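Common to both upcoming complexes is subunit A, partnered first by subunit B, then by subunit C.
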Partner chain A sequence: MSLATAAAAAEALPSAQRRLLATAGVWIILIAAPFWMPLVGGYTDLGTRVIVLGLAAMSLNFLLGYTGMMSFGHAAYFGLGVYGAGLILKDVTASTPLALVAGTLLGGIAGVVFGRLIARTRGVAFAMITIAFQQILYYVAYKWNGVTGGFDGLRGFVRQPIHLGPLVLNIRSNDLVFYYFVLAIFALAVGAMGLILRSPFGRTLLAVRENQRRARFLGIDVNRHVWLSFSVSAFFIAIAGALYALLNNFADPSSMYYVLSGQFVIMAVMGGMRTFWGPLLGAAVFVVLQNYFSSITLNWLFFVGLLFVLVVMFFPRGLLGIFQRRRAA
Partner chain B sequence: MVEGKPSGRLGRRRILQAGAALGAVGAVQVTSPFIVKALGEVPIKFGYEDPLTGSLSIVAISEIQGAKLAVEEINKKGGIMGRQLVLYVEDSANDVGTGVEKERLLIDKYHCNITFGDVNSGIAYAVAQVATEKGVLHIVPGGHTDPITGKDCTWNVFRICNTTSMDANAISNILIKKYGKRWYFVTPDYAYGHTLQAAFIKDLKAAGGTYEYALLPIAASDFSATLIKAKAFKPNVLLNNMGGLAQIDLMKQFVEFGMEKEMGLGGALYEVEEIVAVPAAAQTGWWDMEWWWNQPGVPHVAEFVAAIKKKYNKIASARHWFGYVAMYSGKLAIEKAKSLKAIDLAHALAGMELPPEVALQPGKVFYRAGDHQLMPNIFAGEVHPPPANNPGNFFTVAEMVSAEKAWPLADTGCHMKYPA
Partner chain C sequence: MLQLILFNVFNGLIIGAFYVLLALGLSMILNLSNVINFAHGNFLALGGYLAYVLIPYVGFWPSLLIAPLLTAAIGFIIERTMVRRVYGRDPVYSLLLTFGLAFMIEDACRYIWGVNGLPLTTPSSISQPLSSTFFFITAYRLFMVAIVIVVVAGLFAFLRYSRMGMRIRAGVLDLDTVSALGVNVKLLRSLNFAVGIFLAGLAGVLAGGQIGLNPNMGDSLLLPSFIAIIVGGFGSLTGTLAGGLLIGVTSAITAVFYPSAQQAVVYALMILVLLVRPQGLLGEEGLVI
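And then the complex of A and B:
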């Protein structure tokens, strides 16, 4: 079957099967990434970074794309995930699973607490307060030298191999094993995210996104749903943060800086914030472009910015949104 | 393609089919056959990450220029053991996360044999950790914080620039003698600043002095509030520990406030790149230079200074020298070890003395085996506006302090261990 007939055949399928086909395609690409990436100038760690940042962008998109609330402060919960995992590995015990759980809980619980206060606001105020809370946490990390290592960051910890009975996953020194470990955690996280979005709760979030006043008339507690969405999103992004700590084997305040929050937004918008996989594609494009252009020119941010502007101008639904629009037409 | 239109037009489906066919042909025609290359054709790869953008870029760019000059010279003379040297340069953007990613890029993608970096102490620390994790020899040309070759020293990490303790110890007594024992520090809030200030305070306390300080963000640009506080403290001397553009801004504002009439100025480092960027009134104080271009009678220095001038139209600085020494250190280590294995290179470099054409200063300059720290001279002296006939001569050396004296091995806290 030629490529063209395969594409035509895919378009003729019902939407459920088409979604299934697309999902299978995404997973085949991800599972095979360590084998095809070197052929196009990539390397395994770059793939791991794409998945981790992709999870972060998808987590933000849970709030942005599916609830319609813009947060410019999600790096705070990502960063808490980073520090939570790092502090456990450095100061408590050399256990990777515990580090993951601790990072997720630290970022997630902070999201629940701050989300409670943030969820009462809307529009510009909502975005500004997310930045404000993030800056508070950033400066705590920056100034609390004794615990966080300040600007230099938290060092002196290394991700540890995972013991599963007789099987040992050597994620410490084998990049390939670590890639698949991260991919497995990613699969669990996005699987849970997909289930939540398909649940009645997820459908309610869409109602909130589309028209808050109408949702309120239907008896939906909008504030509570925004808060829950914020909290769930914070838990997911904290998982990404904990994985980021394992990837880099260090934590530093830039992981909770507003610039990173902005980059998550760029990834989500560029990839397509009304699509499930769009933010992952956005993260892949962002990370690969950053990696590629910064090796060529000092003005690499200009090119990343230019691409973002072009996508926003010509593909307002993002890169994956192109397919949605075509189907709709 | 829209239904009902003539089928002879170039439609999407046809383009896809043509693309697939071309791809299949291209895969056969374009890929190269499997030919084993002779070793002489395979270049030796060095990877250098430095903050080429951000507040420290002003000094990082000089390091890279020095490194590129050395690579050019090395390749002109036949490369390293008959193989050409390729230098990959990456921008760490003065950000730890980016620096770590770039170090991985240099090792995992470009397969660099030796890596170098970073000017920023925090990044230098973090990327050295990555190099250790990957088992690659790493040389820190310009990140000063003590623990890199101190308590956190590792078998694969070497350093060219001085440590903060070396720089502080070399100038402390001069500052006390010239100005007095009441000091005010303006210090960047990260590894370099912390260890530098701690070293100064240790010396000051030993002399019975008093001090106050302000810890500021690394990229601070407005120092007015800090200078007002400093004025109120009435110190004998203000120690400007900031680096790069932040140090320049502080010097300018110090002069704008007219504070040079009330107190002295000094510190560990006031680099050539910064001195040339400030007004003449701010070219003042007592400082260290980690290398100084004006060394009459010292062999090879004039050639190096002329080469930098010719290639970049700049005054040769310590940063140029760091980058230059970095490349030659890699070359000398490979030639001595006759191997590219990190462990062999580390053994070769430990204790190695630099030849005069690389050392570019009098006396023995060598990598101390006990902590992998380069042991050069520290040029302590006074910064002043240059004479009209020699615009680069804005520093007068008062004392050459030996690095061994400034930081004995016993004070480093390093316990060097090599893998079995």
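And then the complex of A and C:
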């Protein structure tokens, strides 16, 4: 397998170069995706889906993998991104950039507000309270028929072409253009995430993850850092949500359901929650497997559940985590 | 109006009783093993379906006991083979594991018993209304409330007075010490898990008689049970009991005046409690789970 050979070759290099090489590899694969995917039975919209869900899983992992706080309720902020973007396109103005901004702000600000309460707790209590807050938003989306369309969801909007001066990006009908548009937003978001993680703030989050008591003794306000990390993570996942609305031209309450939160967590864990790119790989594997199982059996949910169980029992460090361990050994 | 309010309070108590049965089991597992059992609602459905299979052979009354016991046995096996492997690890793994189990049990029920709902026949002796004014008080509902009261009282007595109950309570406080004193804590955790699942299975049989069976019947009960635990306070079973009844009745009374806020009010209650008393009504301060 070429991936394995590449990894073996990379092992001989010093770590900074190795990281640069891995990053370059990821981008080459992503940029070339529309060209190699048809060869293995994929199609462009599937690639877009992987990128969007991958961004969601990476955003969750900012909190899960880099701060050590387990949110099982991140679909809430993802879903607010979906509805925020959808409502702008449907009821306010036919502007894609505005829809993206609105979705991001809606989900992000909700994350800041709820995060304030959530950040006081830890461990399984933290997880349960994130689920409860998510359920509030789910019921709002489900019951508020006049605005959200209730159970049937929000229909009747389409993503609009983007005008950049004389240049028009026709993301509406050309799915290849849309893929690169989504990839560009993804690049901006992931770049920002990487910078934040390398900043002193990001290093402090790692300190919180490794040992909260020690962090407190060093003068770090742990609750505040958990809250900030939660907020940052909510903003990023709301971007993914807004892109998801553009991808589907549709918003419905299932985008806020706890099942989706669970899927984000499994993507992060399956890919490797202690790695930067792992959640993206996890999202790709998850989307492909779900597609495959739902095409061959009605009982695909059983196999999704089995995947969860198998990952937990046999691959707790995730796919990229396996490489990491081998390198460490 | 009075009749309407009474009707809703009574309904609230019944729904609250289901929350209590589920939440007590969840809480027991959470306290001793630090695992959130996402599959709890699916064990509830499984209990209902097992009763459905058993009733034609043994009748309703024995099924009421046998079906939850069988569910508990399945829970015991699942704990021994899978759940115990995530003890002491990052809680993300226990959540993912039970989440996956929830999918598997739900889909297995759907595969075996079909997508459509099934009725669970209850004896005709307990399905008649007791009076025409209070038409909502059927004997079955009174009987359900009675069963829940007996079971909950039994559970508290078991935890308070039996040897195993004392070990469970001690284990919640300090599992290492209990282990050092020679108690087989692995077995203790398995049995504790099974007791929790028994309560879920029992709730499933009772709920099946009331609303019928379908593969995801536990979903709508699971999340309010979480709220019951949060509101009541982590680590306190009495708190869970109070929390379950409180949210059941609150949501039922809200339904009289403003039906569409019926679910929302439960969450509003939770936020209020978190703001005023982050550890929950009866939770201990400084208890970090």
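Please note the rule applied: the second predicted complex is superposed on the first by the 319 of 329 C-alpha atoms of A that agree within 3 Å, B and C clash if a C-alpha of one lies under 4 Å from a C-alpha of the other, contacts with A are read in each partner's own complex, and residues count from 1 in each chain.
Operating definition for what follows: contacts are C-beta pairs under 8 Å (C-beta built on N, C-alpha and C of every residue); 3 or more make two chains touch, one makes a residue touch a chain.
None of these values were measured; they are calculated from a predicted model.
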Quiz prompt | Partner chain in contact with A:72 - subunit B first, subunit C second, else both or neither | solution = second
Quiz prompt | Which of subunit B and subunit C A:164 touches, first, second, both or neither | solution = neither
Practice problem: Tell me which partner A:39 touches in the superposition: subunit B (first), subunit C (second), both or neither. | Solution: neither
Quiz item: Touching A:117 in the superposition: subunit B (first), subunit C (second), both, neither?
Solution: second
Practice problem: Check the residue A:49 against both partner chains and state whether it touches subunit B (first), subunit C (second), both, or neither. | Solution: first
Quiz item: Does the superposition put A:151 against subunit B (first), subunit C (second), both, or neither?
Solution: first
Quiz item: In the superposed arrangement, what residues of subunit A touch both subunit B and subunit C?
Solution: 143
Quiz item: So in the complex, which bits of subunit C are touching subunit A?
Solution: 30, 34-36, 38, 82, 85-86, 89-93, 95-97, 99-104, 106-108, 110-111, 223, 226-227, 229-230, 234, 260, 263-264, 267, 270-271, 274-275, 278, 288-289
Quiz item: If you look only at subunit A, which of its residues touch subunit B in the complex?
Solution: 2-4, 7-8, 41-46, 49, 142-143, 145, 150-153, 155-156, 158, 173, 175, 248-250, 252, 254-255, 291, 294-295, 298, 300
Quiz item: Which subunit A residues qualify as touching subunit C in the complex?
Solution: 64, 70, 72, 117, 120-125, 127-129, 131-133, 135-136, 139-140, 143, 258, 262, 265-266, 269, 273, 299, 301-302, 304-309, 311-313, 316
Practice problem: State the interface residues of subunit B toward subunit A in the complex, per the touch definition above. | Solution: 12-14, 16-17, 19-20, 52-53, 88, 90-91, 93, 95-98, 100-102, 104-105, 108-109, 121-122, 125-126, 129-130, 133, 145, 152, 189-191, 194, 217-218
